[in-house]
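Order of writing sets the labels: A, B, C, D and E. Residues in every chain begin at 1.
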Amino acid sequence: MVANVTRVNPKLIHELEKYGAQDVQNCYHCGNCSAVCPHADEYFVFPRKSMRMLQMGLEKRIEASLEPWLCYYCGQCSTGCPRGAEPGETMMSLRRWLTSRYDFTGISRLFYRSWKAEAVVLVVVALLAALGFLIFGFSQGSIHHYDGEQAFLPSASIHIFDWGMAAVLVVLLLINSIRMWWFTTGGNPRIRPKLGTYLKALYQLPLQFFTQKEYARCGERQPWLVHLALMLGYVSMLVLIMFFLHGMQAGPEIRWRFHGVGYLASAGLLFGVLVAVIGRIRKSAPHVAHSHESDWLFLGMLLIVTVTGIVQHVLHRAGAAMAANLAYVVHLSLVVPMLLLEVPFGKWSHMVYRPLACYLAAVHRETLARQRSSAAQGEQVTADRRLAAA
Amino acid sequence: MEKPRIGVFVCNCGTNISHIVDTEAVRAHAQAQPDVVVATSYRYMCSTPGQETIVKAIQEHQLNRVVVAACSPRMHEKTFRGACRHGGINPFLFEMANIREQCSWVHQDRLAATEKAKSLTTAAIHRVRHHRPLNSLSAEMCPTTLVLGGGIAGLTAALELADSSNDVVLVERTDALGGNLARVDLTAPHLDSARDLLTEKLTRIASNPRVTVLLRSELVALSGFVGNFTATIRGPGGNGAGPERQVRVGNVVVATGYQEFDAGRITHYGHGKLPNVVTSFEFEQMLRAGRIETRDGRLPQYAAIIHCVGSRNREFHPYCSRVCCMTALKYAHELKSANPACYVSDIYIDMHAFGKGCEEFYKATSEVKTLFLMFEKNEHPVIRRAGPGEDCDMLIEVNERLSGERIEIPADLVILMVGVEARSDAAEVARLVNISQDREGWFMESHPKLDPVATTTDGIYIAGTCAAPKDIPDSVAQARAAAARILARISKGRIEIDGVFAEVDEDRCSGCRICNELCPYSAIEFDEGKRRSHVIPAACKACGACVAACPSGAITGHHFTAEQIHAQIDGVLA
Amino acid sequence: MARVGVFIGQFDSHSTIAFDSLASYAANLRAVEKVRLLGLRPKVDVKTLAEEIRRERLDRIVLAGDSPGHFKPAFTRAMQLAGGDPAEVRLASFREHGASSSEATDRAKAILACAVHGVPYPLVAVPKPTVVNPATLVIGGGVAGIQTALEIADAGKKVILVERSGTIGGHMAMFDKTFPTLDCAACILTPKMVAVAEHDMIELLTNSEVVGVTGNPGAYRVEIRRHARRVDEAACVACNVCTDICPISVLSEFDQGLTHRKAIYIPFPQAVPNAYLVDPEACLWVQSEGKRCGACAKKCPKECIDLAEEDRTVTFDVGTIVLATGYDLLDARKVERYGYGKYPNVLTALEFERITNASGPTGGKIVVKSKVANRRLKTDEWLATSDGAAPRSVAIIHCVGSRDANYNPYCSRVCCMYSLKFAHLVREKLPDATCYEFYIDMRAFGKGYEEFMERIKAEGAHVVRGRTAEVSEVDGRLVVKGEDIVQDRLVQYPVDLVILAVGLVPSAGTAELATLLGVPRDQDGWFSELNYNSEPTYTERGGVFVAGVCQGPKDIPDTVAQASAVAAGVLRSISSGRGVSDLSSLALSEIEARAMQMAAGKPQEATHGR
Amino acid sequence: MATNKLQVAIYWGAACGGCDVAVLDTNEFILDLAAAADIRFWPIAVDGKYSDVEAMADGELDLALFNGAVRNSENEHVAKLLRKKSKVLVALGSCAHMGGIPGLANLATKEEILLTAYLANPSVEPGNQTIPQARTAIDGMTLEIPYFFKRVFRLADVVDVDYFLPGCPPAPVQIRNVLLAVVKGELPPRGSVVGASDRALCDDCPRTKSEKKLKAFHRPYEIVQDPTRCLLEQGILCMGPATRSGCGVRCPNSNQGCRGCYGPLPGVTDQGAKFLSALASIIDSKDPKEIDEILAGLPDFIGLAYRFGLPASTLQRSYR
Amino acid sequence: MSFEPKIVGFLCNWCSYTGADLAGTSRIQYPPNINIIRVMCSARVEPDFVLRALAGGADGVLICGCHPGDCHYSEGNYKAMRRYPLLKTLLKEYGVDNDRVRLEWVSASEGQRFADIVTDMTERVRALGPLRLKTDLQTDRVER
């Protein structure tokens, strides 16, 4: 097979620095990182290979790679790196870059390259949302009523709004996911999976989504638990809001059926966010040693959203309807940009990309195994033929 | 020859020998041998009273031969020779039988060991009869040194010798001193000024009255031997026919350096055809002129450096040129320094950053975002002109090993790290000073490990890159090492020659010249006029290769004559 | 008079130089028209600079800094753009000329002054001649020390050779074969060792350490502690009676703890001096303060054992001192992932040298270690014995602790080649054994090295480009794991023996010696040479030289060449009037005056280009 | 028989007769000899019986020239007889000196030789079973013929020899010189080699010599020779360096390598071994395999190195 | 009494003799049948010495030099290496078994190797039986 000639792009490494890549150029390719990585296997050898692609600026190859998604940043690679090349951080930055690549709108790219732009957009969207909610609230309800007939922001309307927003997100994420599939699998000449393989591996999607079990292979358990808490908290919250918003918003008594779950989810969220923030401030582990601006924005948003959500809930239970409504507006006006911007364009997209990557990786593994064995057979056949000819 | 009167001294070595070997039986056996006047055994022959026994016996019994049966001669031959000298006989009229290391310590059968000890002692007695008194010779050591080559190695050696108040004749072929170093701007890995380094040496050479610098001159003949060479040097003049002068020198330092590999030999690098493909030395010129630009005066956006041009290659030179990796890294820094917007690719095989500070330099080069790309040994990158749509002049195609990808590297300027090779005139120099070259044309040291500056011809030393590729500190160290060797010899004024050497009996030499080629030290000279070979004692190391090979038996290896060894063979079998 | 511009930049953030003071000093120098401080890691804009040069009509630019060469090309370019002479960009390198001590700023000023006057600093900074005592002290009896000592003594000058252990020979005496010629280390070293022992001009003090140095360059007084050998080395005939009778066995240092030696012992049979010595830590008599044992002294047929002998201190006056203290291996336990110290069959390179050595504990048979019960200590020990099993497969791991920011950032220079040699020895002695080499860059740079590498590859060693990540034990067998980069896959090989090519570090006591002598060390701990390029064997301290690995890792040929080069320096300092004073003895004003004088005298310039 | 003429005997042992011819080849000198000497015994030229010699008084002969090796009891008998009867006994020619060509028989055993000569030989009548015996009983009588020795000896192995005059054959001029020396009484110390130089053939050889390195050996017909250059350097085997000069460089002048008939140089005990040492030393290789290949170009080294001197060599015969 | 072969060893001073000394200092045992003659270099060993030893009554001859490439005199051992095959051819013609004459490389650190070689050679020569050249040379004269 005649290999395709690819032109190297020495500029890409500069580009990636904006996404948080650090000291990639220091890597002298000893291979230590790949060998210590608990996720690397015979089909996916990384992070060294990914570092190499990045050093050389082979954009297409990186685009086609799933490896960055298979990394959960336990940091063993960075700790053992003899040249301080921070492979873990490189993988992190590659995830950001890939997110921006999957995103057809270019918003993601804008956000990752400029935290100021991201902040401005977040604030503008939040303000717009706040304005919208206020106008909506005042136009049809009373600020003194939290629920009931004259509710300032009736849960039914918000429910509809939520579903509307969810539809937008689903469309965005679906398009991006399809792009991801196309870059890595569908349009990748090196991989030709069979339909059966796709179906066979499908169970991976929910499995990975709910358990994040790949992360658990990272040696230490604590980061995985934090991650899981954050993740499950968020997902439970999402489920509650999408399907049981009326229950959540009913009150002022505590409906343990919904609120019990909500408290747990909030606790998980709060726990996860606080651990993450403290860790990042202390730089206590390799994976939190370097924080990209987008990380701070994201964590900040999450923290405020969680806190305002709790505040709103508490105020509501306390009977301070107006305060609760105001808190609710603040909460919602932050939820909107967070969902609208962070989910498809920011870090929350991992929620979709990670399980998808795990699923596609499973597809790749099986396909590669098949391709390799047939290639080996092919070689054997050629060798036999040659032998026979001789 | 007077009749041998032999004294035999058998050592018990405490009980080291006597616990296995019946030393008394050995003594009695020796006593019974013809010509043996006295045979004694003693507890420790090497001790002071033991040695005194020997001295006394020599004087009392008018001994003219001494045999000591004790330990290995490698341990105490010198001691007992000293005792013989004290006793008043020539130390070479002595022979040792090794009945400890090679008898009592390796055997357990008392009877067999005793018999063996008797044999060994008998053999020594047989042999010592044929011993002759030998005296050391000495020859004059001319304190002047000839240094060939005015590069950093030659300059260092010359200065080192001249600073110790010795005369030096420094011969340089070209019209200026400095050698290849004069073509370099900064040195790797610390980017120090090569010019300052050289200016210092040149100033000191110029101001040292002990150094005679002969520019545009070359050695055309060298005769004589260590301490007493006569060098014929041809000075400048039309068509290699300048005036010749003869200089008497005691030692020669060959520091003739290297030449660079001709990059044009690798056609797909396009050196000489593609305007912006330059060699490392051409790039140095650009650096010095402050013009790191393409031929048409643009600043290169992409620069590429290709390592191992002519080195580490089946087709050209198999060896590593040792200096290019660090020089290449230096260029990467210099390119970035002159033009921070320039993207530098460094295309290498293995990064040889082995010296002090070099690995750190390599890392620093990575830190300034040099793109390192690895290619397979024996598989050259290919340079071609880029198409009109590209933002670069050239594209370099290579199989990149660290990624496994076949890639193209954009380049506006390509620097070829040309290897170092033996000078084309090295064979001529080797012939003139009588030293050998290895397969690659480098001059051969007498021992690659323990004598890296001496050659097999005594009095001829090699320094710097004429022996193999080397960086500046290693060249300087080697040049100084050569100087040290010479200083040590000069300081004694004369050279002492041990009595053990080979000698040609000119009455029996037929001039067949079989021996000439055999001497690794070129100690055998053939006299064309007399048609006889003769050995230069000062150069002879007494290995005996020529003695064994002389088909006419005309060469005697003193102290290891055929007669002596025959006697010893007969002795062990007696 | 030339108009000079001085630009001061900083490359290293740890500099001790007072840059402001330097700048004002420069501004006051004659001819200096312009001084600019560039700050740390300056980014120079060539166009602006060219404009500045043109505006100030500068004929010469002096770039000053710890490593000013790093930004020289920009200045050369600017000079060219401004229409000046690009050759008139001069460097004043503080690092190169050693401005690092407490007087760093003064030294920097001197270096700067020389550059302003266009005169190389080393040409100016020549200390006053002193009378040099012709005796030389050589510290360290490895191959470097031996070579230097012989070289100096052969010139008829007195040498005192001090060696800490009981024998000279150093690490080289432990080696089996030497690369790339594969000749036997003992064959080439032992004659030199014997020559040292027999040399009239060499006083050999083994089991001794330098404890004090006073005096000045050319006239040092050194105090040497002679540890009690407890055996009269002149009288001992190395007969072995004492060793045979000695009841105490301890692990042998010379054999890297692979086998035992007695409390009275000889490091190895060809040791020089060829005499036994007592290990006071192990000796029963010494430990019991004369109450127990003492059998060796009673049995010694030459009555040359004095167990009560005490340490003593001797004093020598010498003119010059040569440091040849060599190296130690990095403690391989520190590199935890390779399991050294945990798995008995993970060996250091030196341990393997002993195993493969024909005169080593196994007689040159390559074996895995065997568990042997130590009856006295009631523990199990892992020893190399000649009846041990031959390994079926061996992994050799390069760069253990070298080229690694976490351990030694530098390359140890010898490991690639000796590892290849090991592969050869394994394949030669065990033709059926598989041998893996894990490397990062194969540094085969010396004469005949590359050819050697090709030969070893052709002999069938599996050379894997990639560093091993870890060594673990699976089902009683060692497993090495790494990435085979060229094959683009992860590999795991089960092996029986792992050899770690452990990096070199300065030998124990280097720091103390450096303090004692006032010789600076570099950031890696090796002794600093005076000047990287031109004075690789001199140090900042007058009359103190460095030879061999203690200056930085080196292979044997380079060590020997350097050791001989030291002899040249020593002999020259004795026979010439050129001094061995400290550079710091020169006053700034003196250097300034001399530089000015030389500049006026127009020293010969290096002619550039052909 | 009191006469002042020189009393001379000439005898051949195991020899080809070439030495006798060489004596004749002294040309007109032989006439002077005939005039100056009484040739008392010369089986090839003059009629005479052993009994005539036996009848002589001890030391009656002034000079006996014995050529040929000692192969059988007859040779030995006559050698001892002549020794007894002559004042000076000269071993004439290579066979008497060192065993000569007949000496090569020492590579085979007596039994092998007899077998080849009398039984396993195409020219032998089929069915022949007879091998000559020292004593054969015929008709009640015992027929006695000379006894065939186990191996060939040189003359000096059976009797004391006064002088050795080497060569196969000796150069006539050398024979003449020796005879003249005897007449004049100008003989060197007993036991000396006469009529030959103390230097090797190369000393007289006019070919130019330079340093030697051998990559291959050639038979003379295999290459185009440079007639002015040392043969050995051209890969042609020449024993010249290990052989005494005196013959007048006969072989190299005919573009053939010296065969070594003048024997080893003084002090050399074994000509073949010495030549081996010299020849192998100049082989230009350090690789055992290549060395073997180069040496394969020497098909019969012992036959070359010991062509004339096997019985005089250190080991003297094969011990198979 | 069983046959005890006599072996003459020619050992180069720098590697092999030192190696044999090392066997001694290390107390490595080997049969006493070898008697060692020291030469400076294996290149000094003339084929004639070997013949002389055999003719003088030796049952075997061992020549030891430095390993190729290790020679103290650069290339002396190569000279020995070149002479040896030709000497073997010669000895074969003489009817001397090739196992009786051996050329081995022994370095200064190979005391054990030296002992092994001597042990092995002694056993082989013992198996070959006595050479009896000395006796044969004497009986040739009388037997006729």
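What we mean here is this: a contact is a pair of C-beta atoms (placed from the backbone, for glycine too) under 8 Å apart; a residue touches a chain by one contact, two chains touch by 3 or more.
Worth saying up front: this structure is predicted, and the values here are computed from it rather than measured.
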Indicate the lowest number of steps between chain C and chain D, counting one step per move to a touching chain. 2
Of all chain pairs, the one with the most contacts is B-C
Based on CA centres, what chain would you say lies at the far end from chain B? A
Chain whose mean Cα position lies farthest from chain D: A
Please report how many Å separate the Cα centroid of chain A from that of chain E, as a whole number. 80
What's the distance between the Cα centroids of chain A and chain C, rounded to whole Å? 52
For chain D and chain E, let me know how many angstrom lie between their CA-based centres, rounded off. 33
On a C-alpha centroid basis, what's the spacing between chain A and chain B, in Å? 66
Provide the list of chain B residues touching at least two other chains, using ranges where the numbers run on. 74-75, 351, 363, 402, 447, 518, 545, 548-549, 562, 566
Send over the residues of chain C in touch with two or more other chains. 181, 183, 188, 240, 403, 441, 465, 485, 488
Where in chain E do residues touch two or more other chains at once? 18, 25, 27, 43, 46, 48, 52, 72, 75, 79
Please list, in label order, each pair of chains that touches. A-B, A-C, B-C, B-D, B-E, C-E, D-E
What residues on chain B touch chain A, complex-wise? 302, 343, 345, 351, 362-363, 366-374, 395, 397, 399-400, 402-403, 405-410
Residues on chain C engaged by chain A in the complex (per definition of touch): 337, 399, 403-406, 440-441, 465-470, 481-485, 488-490
Complex contacts: residues of chain B adjacent to chain E: 72-75, 98, 100-103, 105-109, 112-113, 115-116, 119-120, 123, 446-447, 456, 518, 520-521, 541-545, 547-549, 557, 560, 562, 565-566, 568-570, 572-573
Which positions of chain D touch chain B when the two form their complex? 198-203, 209-213, 230, 232, 240-242, 245, 264-269, 274-275, 277-279, 281-282
Which positions of chain D touch chain E when the two form their complex? 73, 76, 107, 147, 149-151, 157, 269-270, 272-274, 276-277, 279-281, 283, 285-286, 288, 291-292, 295, 298, 301-302, 305, 313-320
